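There are structures below to look over.
Two complexes follow with chain A in common, the first pairing it with chain B and the second with chain C.
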Partner chain A sequence: MIPRNARFWTGAAAVIVLAVIVSLSRANEYFFFAGFVVLQSVVLATAWNILGGYAGYVNFGTAAFFGIGAYMAVVVINATGAPLAVQILAGAAVSGLLGLGTGLLTMRLRGIFFSIATVAIIFIAETLITNWRYVGGATGIQLLRPPLMEPFGSYTRMLFVVMAVLAVIAVSIARYIETSWIGRGLQAIRDTEEAAECSGVPTLKLKLFACTVSGALMGAAGAPLPMYLSFLEPASSFSLNYSVAALAGAIIGGTSHWLGPVIGAILLASVQQIVTVTIPGEINVLVVGVLLVVFVVAAPDGVLGLLRKLRGKLRRPRAPAESPS
Partner chain B sequence: MNISRRNWLSIAGALAIALGVSASPAQAQQPIKVGMSMPQTGSLGAGGKAALVALKMWVEDVNAKGGLLGRKVELIVYDDQTNPALTPGIYTKLLDVDKVDLLIAPYGTVPTAPIMPLVKQRNLLLMGNFSFQVNHTVKHDMWFNNAPWGTAASWFDGYFIAGQKLGAKTIAFLASDQEFAQNLANGAKELAKNGGLKTVYEQNYPPTTVDFSSMIRAIRSVKPDLVFVASYPNDSVAIVRAVNEIGVGPDVKLFGGGMVGLQFTPIMESLGSLLNGIVNYNSYVPGMNYPGIEEFLQRYSKKAVEAKVDPLGFYLPPYNYAIGQMLEQAVTATKSLDQKLLADYLHKNEMKTIVGPIRYGPDGEWATPRVVQAQFRGVVDKNIEQFRQPARQVVLYPDQYKTGDAIAPFEKARSGK
Partner chain C sequence: MALRLTIDGVEAGYGAVRALHGVSIGIGHGETVVLLGANGNGKSTLMKCVMGMVRPTRGSVTLELDGQTHDLTQLSTEQIVNLGVSMVPEGRRLFPKLTVEENLLLGAYRPAARAALARNLAFCYATFPRLTERRRQLAGSLSGGEQQMLTLARALMTEPKILLIDEPSVGLSPLLVTHTIDKIRELKERYRLTVLMAEQNFNQAIRIADRGYVIVHGRIEYEGSSREDLGNNELIHKLYLGI
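Entry: the complex of A and B
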């Protein structure tokens, strides 16, 4: 039997190779626009899950880290004109630092109070950017895309591959954290923080680490946005929708395993993309809410939990035909 | 039943012929697809819905006349939720999956900006929809905005000209500390300086301000001739209320200029008589004799009530109907859907629309901007219908559509119900 690790890395490599092949094919351009958004959701949901799923700290500030990542890319473009890879690194670094800072300030809070504090970060970040003329201020900034990079036929195709690579990196990091001592520590924090602390788990250090990694990945997800849109403005970049979508993706998929956010984000983002171009009007905005409510009520452990339950039922020896009532 | 191979062949042949016969007229009658995204939810949703009613009216009208080039017109619209992150995907779908023939931009600057590189890259004609300086960086030569403004200066030219006619010497500025309002105010300050007006008061306020009484008192104490306000809807309402409570003194000749929100029906209705005397920018007010606009607004009004959107529809709907008219004129004249030919036609010819004749400059904005400055007069409370009367908003600028002179000072105009 192939060891788990080898299976994972083969799968990861296959995803990247597949993304490259599809991007070089004659597939419809729309597929790449929609695909980019779906992969971006995978990165965000996976990043959210590192703190929200493993450690149980519900973070509503995804939009802040994502937006700061996007705006750092704008700063890099304006200041140096450096390529996309540098923009992503800069976005990840600054959002990671923001995550660390946020962690230092808010980790004394727990439960709903922590969540409220993370919402505040969005407003602080948005206000800062709104008043910073260098990156376009309130009206936003238009950017011109650099010339095409061979062998890709369009810039969006290249961004699609970049986002696929980011998704694989994010999932690999999440999986590493989950399966290592860090993940076990975070899970102990989620179950009972006091007990974890008493058992020698360095709770503050682990929480700060999770905050930083989660923030950095969200920033990396945001960094390609300016080039995807060739335009950026604060109100939509710091939209609470990103926070809700990241959280919803993880919860719908299941928070206990790295695969959960991947499944949830793909499901949710694809449904949203389809609904946007099929159902007119307000109904498409309802989709996330309805899906979230349905899953919280019907499958509190997400799609993964549901699958596990089904598998458990199938494996269980068949019950006697007539059970005593 | 046994069917021989020959029978199969003849059945297949007959089917093929039947399909071929029925397919050829269907091909000829394939509709001309016009595609766009329109904010129907989110911050621009209310305006977007009203604009969509007008565009659908154009589609009905043009189809009633037999369509374009003998083909019916079909409008394909998606809701972009006022979210610029959605528009590139939507427009790619319109182009690559729905295979639309003509494109209209979504209402507003923010949802439009991300699709500019796409249309430039693919050399496509794009009809703009009330955006501001969106083609500034991209410089696409097949872009045509329906908005009556061009540069920032075009928003307040009329206000200063009206002020100069009244012999104004001093001016006070009150502006929201946000990009757009600041652009307006900075441009206005420059214009004031060049026109020899002395600035006696200048205040930028944070966008979250709700109490303007201290600023209005300060303006009152410096006795300016003109007060130029660049504000957003919520601030505009608060400023109008503060002015009516405190007053700005007998010296102020004109008050207003760049107050966003006083064009929107719900705000006009809720402020009612408090609006009297204010001179403010607008895109259209009743009494401007554009051919066909009154008939359009009557028909629009019925549809708007059914669709539960803005019943007056002065601000955005006529300009959206005009987009349809421009496309119709260009396609009919060139007898083509070739994007380059259509763009050339739009560049070289005057467009006849219900918002007056439009000629385009090289940047795709109006060669002669036509931002209206109008003064509210005789407005009473709680009455939407009154705004249909030309006497409620008197056009001071531009001169060819002028319906009256400014009443000054402001306090006199304000109290003269």
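Entry: the complex of A and C
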């Protein structure tokens, strides 16, 4: 167990160090614009997977938690002008509370009914923000970026590193949940909720916990958005695209392991970024849909499932003595 | 260890449908009590009332344990499991996409059982050697008999003081039913486990019963104070043999 843990933490540290080094290099500014979006989708897919993958509660409300996180950052900027770290914490806290509230209201719903209820949250949140003048209302709000922080050469470069740190935090939390009794309990809920209850799994507490953590991470992912765009308006902040991308990233990568959403989100967001700059129009949204359909039909266990199958095939010829039973 | 489960005047149901009309039964330490009745007479509902999965609209469910009295109607299912009440649900509710061993580990979710996990796992594998062979296999791929063994073993992983078993015979061949009942008897005799078993297979159930109740349309129609008593009862003859 110890070597595997050490390997994970070394990898996590390496990712952050790499992000810092790249951000200090002379790489093209566009790389950081795109990289920020890719890392943001890693956080979203990982957060989605905690509830949707481990516990099997398919959440379409990612956009709501993400958007609320972004707008909480605006509130913090308007009210106090506090730095980015505070904005992120505020976004995570409020979205976490929203997750807890959603869990309390929807915990009796299962399957498709839960999913429908989560879609409703997006519209509620968007309507509230649209009618709230303090954060710009329907017209949106223009924001001034604070002065540059040493040693970063541009604000986008700094945000890129911040998002890399958030991604590492999100993945570490997901991995901790997955390998602990919490993850085991969520897995039981996903498989047969009634049997989980009989075994003494605190199903309600675990579901609420998953809702809260998942929501908080989505909120944290949204908080840097206002500074990234220097402008925020409700329609695009609460776009259903965020919900679909988070879910698609996790499903394409594979939901059973923390690595799945990471692979899926990087793959999906990178392809989308490439398509965005090479083909005009909204083709990049189509890419998500097509990839999702292809994976759901052809590889329901995602990239990880494909890799596992491949490894099994490679191994089989070496062990022909194994009985067919 | 003093232990007694008392169900007193329980009424319960689902929405407008009432499944139980004032049921009162009791189970003492080390006893095996059977709840006899055909499908749809309220056996499972009564079990779920004990587990806190269905809330009675009237009546009480109390557990006396080491001098303390617990009102089970006020506790959540996980708190009830934590007290040492465990249920083997009807229809072999397993975690089909998890392995046999993962199923067993989930049985040990309650904190007290986690501490003794290794010992209980060894005990389960010793009691059900078949599961040892299958430990890495998905539970959904096991045969019906093996699945029933696994549900029993999973319940034992919680270190229960009282084990509720809901219809262990459902969907099993006669030979496997006999085997399952033998296993329950073995557990009860060797570990003095307290058992409340709901069953419609009368002939199998009275093989291990110390006493029993007959439930008809949500009411206890007969209380048999011994195995012989149950075997000779006219109501049971009428219900099960049609004479």
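Note that in this section the second predicted complex is superposed on the first by the 314 of 325 C-alpha atoms of A that agree within 3 Å, B and C clash if a C-alpha of one lies under 4 Å from a C-alpha of the other, contacts with A are read in each partner's own complex, and residues count from 1 in each chain.
Keep this in mind: a contact is a pair of C-beta atoms (placed from the backbone, for glycine too) under 8 Å apart; a residue touches a chain by one contact, two chains touch by 3 or more.
The structure displayed is predicted, hence computed values, not measured ones.
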Regarding the shared-chain residue A:235, is it in contact with chain B (first), chain C (second), both, or neither?
first
Does chain B (first) or chain C (second) touch A:195, or do both, or does neither?
second
Would you mind checking which one, chain B or chain C, touches more residues on chain A?
B
For A:277, decide between first (touching chain B), second (touching chain C), both and neither.
first
Let me test your reading of the model: by the given contact rule, A:184 touches which partner, first (chain B), second (chain C), both or neither?
second
Taking the superposition as given, does A:17 touch the first partner, chain B, the second, chain C, both, or neither?
neither
State whether A:293 touches chain B only (first), chain C only (second), both chains, or neither.
neither
Which holds for A:29: it touches chain B only (first), chain C only (second), both, or neither?
first
Give one of first, second, both or neither to describe whether A:137 is in contact with chain B, with chain C, with both, or with none.
first
Would you pull the chain A residues touching chain B in the complex into a rising list?
28-30, 33-34, 37, 130-131, 133, 137-140, 142-145, 156, 225, 228-231, 233, 235-236, 239, 241, 273, 276-277, 280-282, 284-285
Could you pull out which chain C residues touch chain A in their complex?
51, 53, 76-78, 81-82, 86-89, 93-98, 102, 105-107, 109-110, 113-114, 154-155, 157-158
In the complex, chain B residues that touch chain A
40-41, 43, 77-79, 81-86, 88-90, 92-93, 95-97, 109-110, 113-114, 116-117, 134, 136-138, 177-180, 183
Touching chain C in the complex, chain A uses residues 181, 184-185, 187-188, 191-192, 194-205
